[in-house]
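We call the chains A, B, C, D and E, going by the order they appear; numbering starts again at 1 in every chain.
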Amino acid sequence: MLHIEKLTKRFGDKIAVDAANISVGQPTMIGIIGRSGAGKSTLLRMLNRLSDASEGTIQFEGEDITSLRGAAMRDWQSRCAMIFQQFNLVPRMDVVSNVLHGTLNKRSTLATMFNLFPQSDIHKAIEILDRLGIAEQAPKRAEALSGGQQQRVAIARALMQDPKIILADEPIASLDPMNAQVVMQSLRTIHEEDGRMVIANLHTLDTARRYCDRVIGMRDGRIVFDGTPEQLTTGVARDIYGAGADFSEAATSTEIETLDRQKVIA
Amino acid sequence: MLHIEKLTKRFGDKIAVDAANISVGQPTMIGIIGRSGAGKSTLLRMLNRLSDASEGTIQFEGEDITSLRGAAMRDWQSRCAMIFQQFNLVPRMDVVSNVLHGTLNKRSTLATMFNLFPQSDIHKAIEILDRLGIAEQAPKRAEALSGGQQQRVAIARALMQDPKIILADEPIASLDPMNAQVVMQSLRTIHEEDGRMVIANLHTLDTARRYCDRVIGMRDGRIVFDGTPEQLTTGVARDIYGAGADFSEAATSTEIETLDRQKVIA
Amino acid sequence: MLDATLGGSTPITVDSIQSSYTAQVKRRRLYGGLTLLIFVLLMVSGFNVADDRNAGGFWDGLHQIGDYPADVLSEAWEKRAELPGLVAKYFPALVETINIAAVSTLIGALGGLFLSLLGTRGLAKWPRLIPLFRRISDIMRAVPEIVIALMLIFVMGGGPVPAMIAIAIHTAGALGKMFSEVAENADLKPVEGLASTGATWSQRMLLGVLPQVAPNYVSYSLLRFEVNIRASAILGFVGAGGLGYELRNAMAWGPGRFDEAAAIFILLFGTIVFFDQISSHYRNRLTEGQGQ
Amino acid sequence: MTTADLTLTKEHAANLFRRKRLIGFSIPAVIAVYFIYIFFAFDLPGLAQRASLEKAVTLFSDSWSHKVHVTRNNRTGEIDYAVEGERKGRYPEGERPDWVTGDEIITIDLGADHIVRYLPNNRTEVEIPGFPMIEVQAEGRSLTTNLPADLPDWISASKRRIGITTPEGRITLTGARTEVFNYFPGWELFWFTLDSPYHGHGVTEILFGEQLDPSRSNVAGAVTDWWNNKMWRHRDVAWAIGETILMAFLGTMGAAMLALPLAFVAAKRFSPIMVVRAATRRVFDFVRGVDALIWTVVLARAFGPGPLTGALAILITDTGTFGKIFSEALENVDQKQIEGVTSTGAKPLQRYRFGVIPQVVPVLLAQILYFLESNTRSATIIGAITGGGIGLMLTQAIQTQKDWEEVAYYIVLVIAMVMFMDWFSGWLRAKLIGRKD
Amino acid sequence: QDISEFRIGILGGENAQDRMNSYQCLADYTTETLGVETKLFAPADYNGVIQGLLGGTIDMAWLGASAYAATYLQDPEAVDPVLIKVNVDGSIGYHSIGFARADSGVTSLDDMEDKVFGFGDPNSTSGYLIPSIEIPQYKDGVTMESGEYFGEVKFTGGHEQTIVAVNNGDIDAGVTWADAQGNWEDGYNSGALRKAVDAGLIDMNELVQIWKSNVIPEGPIVLRKALPADVREKMTALVDGLHERDEECAYGVAAGETLGFQPVTHDTYVSIVEARKAKIGG
């Protein structure tokens, strides 16, 4: 159903994603790993059409995604939800409104301006929040929630889109282990119960191993590994992370986390 | 040489320093410890005459400090330098200018209005900076320096005053351990080489023990301990900090530090 | 810098630092002195030129400074009994002045909103046209209201509308700049989040940007409203209706109508101060909670 | 969550949205109602009826074009050729534009086969393609013509006056005068008036060609003639712009120098006496509230018209504004620096100099430079009232109703001037604030 | 005492066209005659010149009759009228002309009941003072208060604005100035209408005259009384002889063909002063 061919993204001289080929036949939960700067986010952003590919094609159920423009592109985005590391909610608005933003593609600007969301959508939003266990937070402002709760709101927004694919760009990188687990579990459940495809950038090997059916490893823009979690041995991981013999999984995972933190602060 | 008698400071109902008595016969390095709000800063500020005492007297070499007014008071301030936790430099001016502020009391107002200082003072300032190991920073703006360097500039400004006493209000609370050590060592050296009296508020017991000849403990505005570092046992410390049996030195020291940090941010 | 040497390094270094610093101080004094000199020269010669090109000299006229207000005030004092009546008489003109200011602020703020969104990197709908929208707002800002007002008065005749349009144009430009400074600092994460759901540009702006910038925008608009009340009064002077028009006529008539001038002046002054206070009160409240 | 709870939550959410919708609707509604009120209060329907687009078009086309008048005085029979019909634009004796030919019969070729002929005995023929030849005879105060009774709307005719307006030019005929206006794009005479030997010569010709005026070198002569151009008055315009900027500069800087010490008096931190503080603040409010315009009128009696009066008006108002801004900046100074300086035994003035000034200077400088730009605009307006600078030239050009190309020229200059000051103050700000004390 | 400079004020609107430029030759002659620097000032409106004369910052100006009256009323000791312009036909006056759009159906003041009437500048003689006194004399019941006889009475700000306003239909009729010589269809020989015609802004076929005032005396050239006597004499002589000396210059100063200037005294304006006093007070 999803075929990515020779997908490339250049920023000036820098090649962020280098002729990536991925082919997925049926809804799968895919984890993408790789060290910081490997091109994971860029790949996902091209999939969602938040940025344009420099070369190559993305096909979804026969449709050429890369060539979509205007309304057709936005329609694709509504079918392909995205979850961000920093949640990217509207912090000053309440949780239900944030979830309802998942339906924006179907609503006119005028309707949005006057908050004319149908009653049924509002109810559906609450049900989704309930499914994710945060229905009580519905009337609160998004900024008043904890990180884990905010990320679940973001997932709720994604579900509200009723998407075929959910993309998640390091969804748990800003969360503590407890919340990280809740969020990953939610994604897994969605995948299993609703049969949606989930592609998640992950920065810890163990998470990828634990929750994903298939793991893709990137390094310097290239796909250097594509296989099942079982095939992802420490040696392969060492390759992906370009680490020396002193590579230990635990260390790497925290190291990358530290780098991410720094990026956030900078 | 320094005799403090029944020194009291009231802010409205609140008694910040409560009838403090201290007597120092010869140049000593004194550390004052106590938890946040104990009255340490207030005591030092009264000594420097940044704030007036409500009651009691300060005598230095027979002179009554508390009753000084106007020019005489400023003259005292020039003999009694003060170093602050936040350095209190003029961040937009260069390092040498900041050091030269130590001579303001001796120079005519008119000349200083145009930032005119004698050549000899400039040379002396740079020598002092050299003594503190930061001569290369001389032409930079103070704000461009690291915290440790800024505190050394503040010490240089104090030395420029050629004071009898140097007061230091938590001089290392905003510094990392490495820089803290450099600054404390500088103060100690000044005390030893120049024979100046140094009174420093400190928030960690170990620093007080390591650098001071005499430690004064304050609690709720009162002096509850006055003795040598050796006499400062964990039990006494527990008293000073008003902590329970679960008191551990390390924990306390960080705890106080955290509190200070919060104050700075707020 | 972690070496804790207090013993001092080699004297040569200190010497060279001393001399280079002294040189730097000399240079700085020289530049400072030159800047000061140029400034003083500009001020003095500028004053002399202005004094020379003025009909009356500064020093000759200084003692007469109170003559005109004295004339006006003494007449107004004589006829003080009529003042309340006159204030009431000119109240409708005041309303017109305020209306001009309010409408033009509203329209200008809307225009500024679009200019700022279209002219800010990261938000613009057509990123390539950003320079265009910036230039447009620069030009709109640069045109003094009086220019447009005079031209429009010419085409449409006097009245509030030319003033309204003129002020609105300038306001749009001025607010466009201030707004886009705020918008530049806006957090783009929500915008991206909305973009990923397939929201249109207007939806992204409406939901992602506006809630963030609204307090600042409203605060700037209030400030502008203050400014526009003055502008609308001034434009009255050139025929654009409202209180300024009445004031100009009363002043042109001269003695005999100075009481009217005084009444109008009281209204105008009172209004300006009133809206000044109100708006600064609300502006403070709006920007208060933003510190964190 | 139980089903009951969930229903409740849904109910709450629905209520929330009803509330939001209400607010969402009511704000635009209030604004819309206000606009409707304004629509009628400002009599927009009437205005729309009255405002003539045509005139706007005329003005606009006049602003980038010029016209040459060919006027026959029907009493004396003399014919005049003048740009914009002005004395200063008159063709020198014996010269005339090359689209006018003939001696007995003067043929004026307006282009596109529009031809006007001045015949002897005050007769005039007008040839316009697609329309029968128009013949007019002027006699005393009245005109006799061969015009049909049913006229197209580009001809306005009465017994005493005929006006013909075509895209190629305009012709008016009355008993006393017959006049043809021929329009051309561009600002004729912008560089040189007709009496200058350099008129009609290109840049290269003047720079490298042969000497046009035996008594002067080409460049010097051309610059002088351009600078003293009587029609466009470049020298006066340059002076006027200089005067406007001067007013803004003197006013802004003077106000800043006056406001700084006063701001200390008005700032809580530095002025312990409440009454003094409050009084100073009220003074600020007063001078600001009165507005520069009214100060201009007040000062005009004492100082007469001219740039100084304008500068003083700006100075007075801005002293209030700066006083307020500066004192707010002073109240927000960082106490730590002052304390640091105080602890060394510095005297009060020294405390201000080193503890306060370095902190506030960047803020003040930024404000002052910002006002410099905005005062350039105010100075334009004030100049229009107090008599000086480009503002006066502009308003006069608009009010005397002709020469819209001059109006356009001044507008371009004003905008350029303000944008220049905007750029300049930004540049200076970057230069100064980036520097050490 | 001596003077260090001589300042000439120039009025906009009614009588001055090209202002500064046309006066430059006079300024040059003045410098030559008095031996001091001469400056020209052109404030934006009547009030500016009046204030300048009152405050002693302007020494000479050519005022409108009403502006002179205003100056006189504020301070009788401020200025003296010395000279007045003589028209080509030897007269020393002009007229205030009431006019309306031809297609409005208004042909006389009788048709103006409940309609909008426009004045120019309040300090203008022909644009306000004289019509405001003479129009109510037209017949019983006519007053100049808004809403009594006329539906509304407005000030447009100046002659030019009045013409535009009438032409546009913003107001139903207005007053402006003209010499009332020559032909209506040309906008008369000189005056604000003529200028508008020349500029192509109006078509006289579309306008009709509905009212004309009695002759209004031209405004005087005034000199400040505080000036030294010899300065006053010299300046009077200079302007008086300008026409003979330099016709081109006189054309510029007088803003049109004239026979030059002739002496005048305050007496010529007594009635105008009275009128203004009655009208405005002060």
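Convention: contacts are C-beta pairs under 8 Å (C-beta built on N, C-alpha and C of every residue); 3 or more make two chains touch, one makes a residue touch a chain.
None of these values were measured; they are calculated from a predicted model.
A.B. asks: What chains do chain A and chain C have as common neighbours?
C.D. replies: D
A.B. asks: Treat touching chains as neighbours: how many steps, at the fewest, connect chain A to chain E?
C.D. replies: 2
A.B. asks: Taking all protein C-alpha atoms shown, work out their mean, then name the chain whose own C-alpha mean is nearest to it.
C.D. replies: Of all chains shown, the one whose C-alpha centre lies nearest the global C-alpha mean is C.
A.B. asks: Between chain D and chain E, what's the gap in Å when you average each chain's C-alpha atoms?
C.D. replies: Comparing mean C-alpha positions, chain E is 26 Å from chain D.
A.B. asks: Would you kindly tell me how far, in whole Å, the mean C-alpha position of chain D lies from that of chain B?
C.D. replies: Centre separation, chain B to chain D: 62 Å.
A.B. asks: Roughly how far is chain C from chain D, centre to centre by C-alpha average, rounded to an integer in Å?
C.D. replies: 18
A.B. asks: Per the centroid of Cα atoms for each chain, what is the distance between chain B and chain E, given in Å?
C.D. replies: 81
A.B. asks: For chain B, which residues are shared contacts with two or more other chains?
C.D. replies: 115
A.B. asks: Hunt down the residues of chain E that sit against at least two other chains at once, touch-wise.
C.D. replies: Only 7, 9, 41, 45, 47, 51-52, 55, 57-58, 161, 164, 168, 170 qualify.
A.B. asks: Would you give the residues of chain D that are in contact with at least 2 other chains, written as numbers and ranges?
C.D. replies: Answer for chain D, listing residues that touch two or more other chains: 50-52, 55, 297, 300-306, 384-385, 395, 399, 401, 436.
A.B. asks: What is the complete set of touching chain pairs?
C.D. replies: A-C, A-D, B-C, B-D, C-D, C-E, D-E
A.B. asks: Quick check on the complex: what are the chain D residues that touch chain C?
C.D. replies: By the definition above, chain D touches chain C via 31, 34-35, 38, 41-44, 47, 50-52, 55-56, 59, 243, 246-247, 249-250, 253-254, 285, 288-291, 293-294, 297-309, 311-312, 377, 380-381, 384-385, 388, 391, 394-395, 398-399, 401, 407, 411, 414-415, 418-419, 422, 436.
A.B. asks: Can you tell me which positions in chain C touch chain E when the two form their complex?
C.D. replies: Against chain E, the touching part of chain C is residues 53-56, 60-61, 64, 67-68, 71, 153-154, 156-159, 238-239, 245, 249, 251-257.
A.B. asks: Applying the document's contact rule, which stretches of chain E touch chain D when the two form their complex?
C.D. replies: Per the touch definition, chain E meets chain D at residues 7, 9, 12-13, 17, 19-21, 41-45, 47-49, 51-52, 54-55, 57-58, 158, 160-161, 164, 168-170, 182-186, 195-201, 203-206, 251.
A.B. asks: Going by the contact rule set out above, which residues of chain C touch chain B in the complex?
C.D. replies: 1-9, 13-14, 17-18, 20-22, 24-25, 29
A.B. asks: Okay, in this complex, where on chain B does chain C touch?
C.D. replies: Answer in residue numbers: 96, 115-116, 119, 122-123, 126-127, 130-139, 146, 148-149, 178-179, 181-182, 185-186, 189-190, 193.
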